[in-house]
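Below is a structure I'd like to ask you about.
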Amino acid sequence: MRFSVFKELVKQSFREFLIYRTTAILTVVFSIMFYLIEVITGIVYFSFTDRIFDWTRRDYMILITTANIIQMGYQFFFVASHEGLEEAVIEGDLDYSLIRPVNSFWFYAFNRLDIPSVIGIIVSVIFQCYFFSSMKLSFFNVMMYSFGIILGIWFLFLVNQNIVMLSFWLEKSGKLIGIPEYIFEMVSRPQSIYPNKMVLILTYILPFFVSVNYPIDALHGKFSLSGTVMYILYLLVLTFITYNIWNKGLQKYASSN
Amino acid sequence: MSKCIIECKNVCFSYTYFEKQGGMCGTIKDFFGRQKKKITAINNVDFMVDRGEIVCILGANGAGKTTLMKLLIGILSNEKGDIHCNGYKPYSKDKEYLKSIGVVLGQKSQLIWDLPPIDTLKMLKEIYEIPKEDFEKRLNELVNSLKVSEKLCVPVRKLSLGERVKFELICALIHKPEILFLDEPTLGLDIVSQKFMYEFLQKINRVEKTTILFSSHYIQDIENLAKRVIVIKKGSIISDTSLSELKSQYTDKTSYIVETDGTELSMSMDGASLIKDETNKYRIFVTDKEPIVNFMNLKNVISIHKEEMELEDILVSIFCKE
Amino acid sequence: MKKYFLTFMNRLMTTIVYRFDFVCGLALTAFNVMISVFVWNAIYKTSTIDSFRGYSFKDMVVYLVLTNISSMVFSFDICFRIGNMIRTGQFSTYLFRPINVLYDSFFDYLGRCFISILIFIGTVFIYDLYSGIGIFDFLLTLSYFFLCIFLWFQIASIISLLGFRVIQMWPLKPILRGVYMLFAGMYFPISFLPSGFSRIIAYNPFGMIGCNLSEVVMGKYIQSKVLTLNIYLVLCIIVLNLIYRVLYKKALKLYEGMGA
């Protein structure tokens, strides 16, 4: 997809954001609230204990804030397309997206930006800076952390994209769309609280834990080059698979009237 | 440049669907297992369209018009046979092919609901890579011709149906396509808007030599626009001819209205088709010049009228004939 | 009344037809409980205390199970139904047909969550049987639960009126869920919050249908307190109904249908 098309999509999203003023304001207010709920929950957890296994209160806060930035980043770029895909497939509303001379995968993926999510990202970043302030961090570590966040957003996009693409084959698969969200909520808690087998599956098969913990490891300089390469390779392969499933899904797509 | 722009050979397509049983028991039964069924929507369709033609695909509801359109546009992939449009296989979605077609799907909108049409058009400018000057010139031409220039900045949800359809048409034509596909474009439009649309499409066809393929079941659409009519029934083409020929073919037939005293009318005449119009009235189409009275029991007949065939009657006879 | 019964039946059948959605919803609820149980297990293991504010680990598990199952009954879907109808103009059908929006929405809601209601009542019945709780307490709990259903419907109806003002309702979905999670006590009982804060929000409507409902089932309150809570719920329902009526009249003036 050409950059000029993406630019136009961004402009449209912004215009829509300005039209949906009340929705936008409410979304901003509540998305900040959502993050604060996570923080309050953390405070409650740590009012009963100083450490949850090897996790201190600060580690926990950094973890949930990182997860929130990834979640909000995903929401900013992709959630609008994903929310609409299931309905578009069933109602046959994909028709016009398919007859345009642009790559339908990218065109649909970046079809709308959820502008209010930016505020959620900014609030989380401010909190994160506060938590970082008591740590000694190098510029390189912060860059690697940011890179990890981008990879996390991309991973979340791919997983969600695969789930919503099931609607090409399954009638009314609406509830499935919630699965990645639930798993992501799960991995935004310290991984040491979960059984080993579960951690292994969510690290090596579906690397949800990696998506949230990699940026934090990078921040602490605890990441390995081979691990990074493996993670990037995994994402590349998943991108390739997702792209092909999209094309297969389009073949299956029988638009209704 | 080849004269033929669309070519279909033995094209087939079928849909899969589930059959749901009625009532609570049926719903519960359905919970544990569903029956998949297949329905043929397009069956061995063959036809060709020349550049600059205006062709109407005609058929009753569920005949397969929209499916055929979608196969030609490239939204659906044909199971069997070959489709070539402007030298391309539509389903391969070649960029150049997609740039050479314009589409209006009467039951779906390409306009962004909450934004003004200009925003959708600006997006299309980028998608079709139209230079700024060309875009502005073309847009001016189209909005002026369709008399909607003052509505360009009004949110779509605030437009009337007629205005929305006009903007749908502008979206389909903004990039000067060679082929224009219109699926039931006049659906829900009033007579004035319909007439306006016919004149506009005729002008586009005459001036820009755009090939227009449209599907409809409205008599007015066919009489005002189509030079050629492809009649489709249960997924198969049953007639492909010019409008005048279609009329003459069927006006060869003579139509009678027979009223009975309530008794079921029966007749045994080769080539005759009989349709029950009202409770006691029957419409009979015959090709034979021999009087129909020789083939029916007159005892229960109250009256017989001979009538001239209108296009509407022709279509009814085509759609209803088993 | 028959027309509303048909609304109920149609929605119930739709729920059964989309069995996949329903089974997934159940699985996701179980998953949610599992996450919370793991977190609390870790907290109880690393802490030196066995019981937090009257909750042992076992109590906590029961609490989480009940709160999560009840959250299936109290879903936000009904808020978005009206919002969608307003956006597409389908809402007009309510205005030109002899149907009461509130009644029709209520029966639609009942059909939507009927199976979840049965699951919750089944769970309560099994729990009461296992814990030796008497029939009167069981019936008192049920009356509390049914009043919660009415209360929730009133809350959701008021939220759904946002559809008249907000064009796109879907961004609100995850956020409303978040608010519910905190104020209904999905992660932990409201009493676990700092005492000043927990006292303020103890009897908020979300808390009444989430945390308080689970605590009523678990026998954490004496009978007279449950009766008082029942009366409080009735009062809440009346007040919310009046608020809904006033807001609905105002909101209807904003409705423009669809197209010009």
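Letters A, B and C mark the chains as written, and numbering starts fresh at 1 in each.
In the analysis below, a residue touches a chain if its C-beta (ideal position, glycine included) is under 8 Å from a C-beta of that chain, and two chains touch if they have at least 3 such contacts.
Just so it is clear, the model here is predicted, and its values are computed rather than measured.
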item	value
Pair of chains with maximal C-beta contact number	A-C
Most centrally placed chain, judged by C-alpha centres	A
Label of the chain whose CA centroid is most distant from the centroid of chain B	C
Chain centre separation (chain A, chain C; CA means) in Å	28
Euclidean distance of C-alpha centroids - chain B vs chain C, Å	49
Length of the line joining the C-alpha centres of chain A and chain B, rounded to whole Å	44
For chain C, residues that touch 2 or more chains besides their own	167-168
For chain A, residues contacting two or more additional chains	19-20, 171
Sequence positions of chain B contacting 2 or more other chains	114
Touch list for chain A against partner chain C, complex	19-20, 22-23, 26-27, 30-31, 33-34, 37, 40-41, 44-45, 47-49, 51-53, 83, 114, 116, 170-176, 178-179, 181-182, 185-186, 189-190, 192-194
In the complex with chain A, residue positions of chain C that touch it	18, 20-22, 24-25, 28, 31-32, 35, 38-39, 41-43, 46-47, 49, 52, 162, 165-172, 174-176, 178-179, 181-182, 187-188, 192-194
Residue ranges of chain A in contact with chain B within the complex	2, 4-5, 7-9, 11-12, 15-16, 19-20, 92-93, 95-96, 98-102, 104, 171, 251, 253-255, 257
Chain A contact footprint on chain B (complex, rising order)	15-16, 18, 66, 70, 73-77, 93, 95-96, 98-99, 101, 103, 105, 107-108, 110, 112, 114-115, 119, 122-123, 125-129, 155
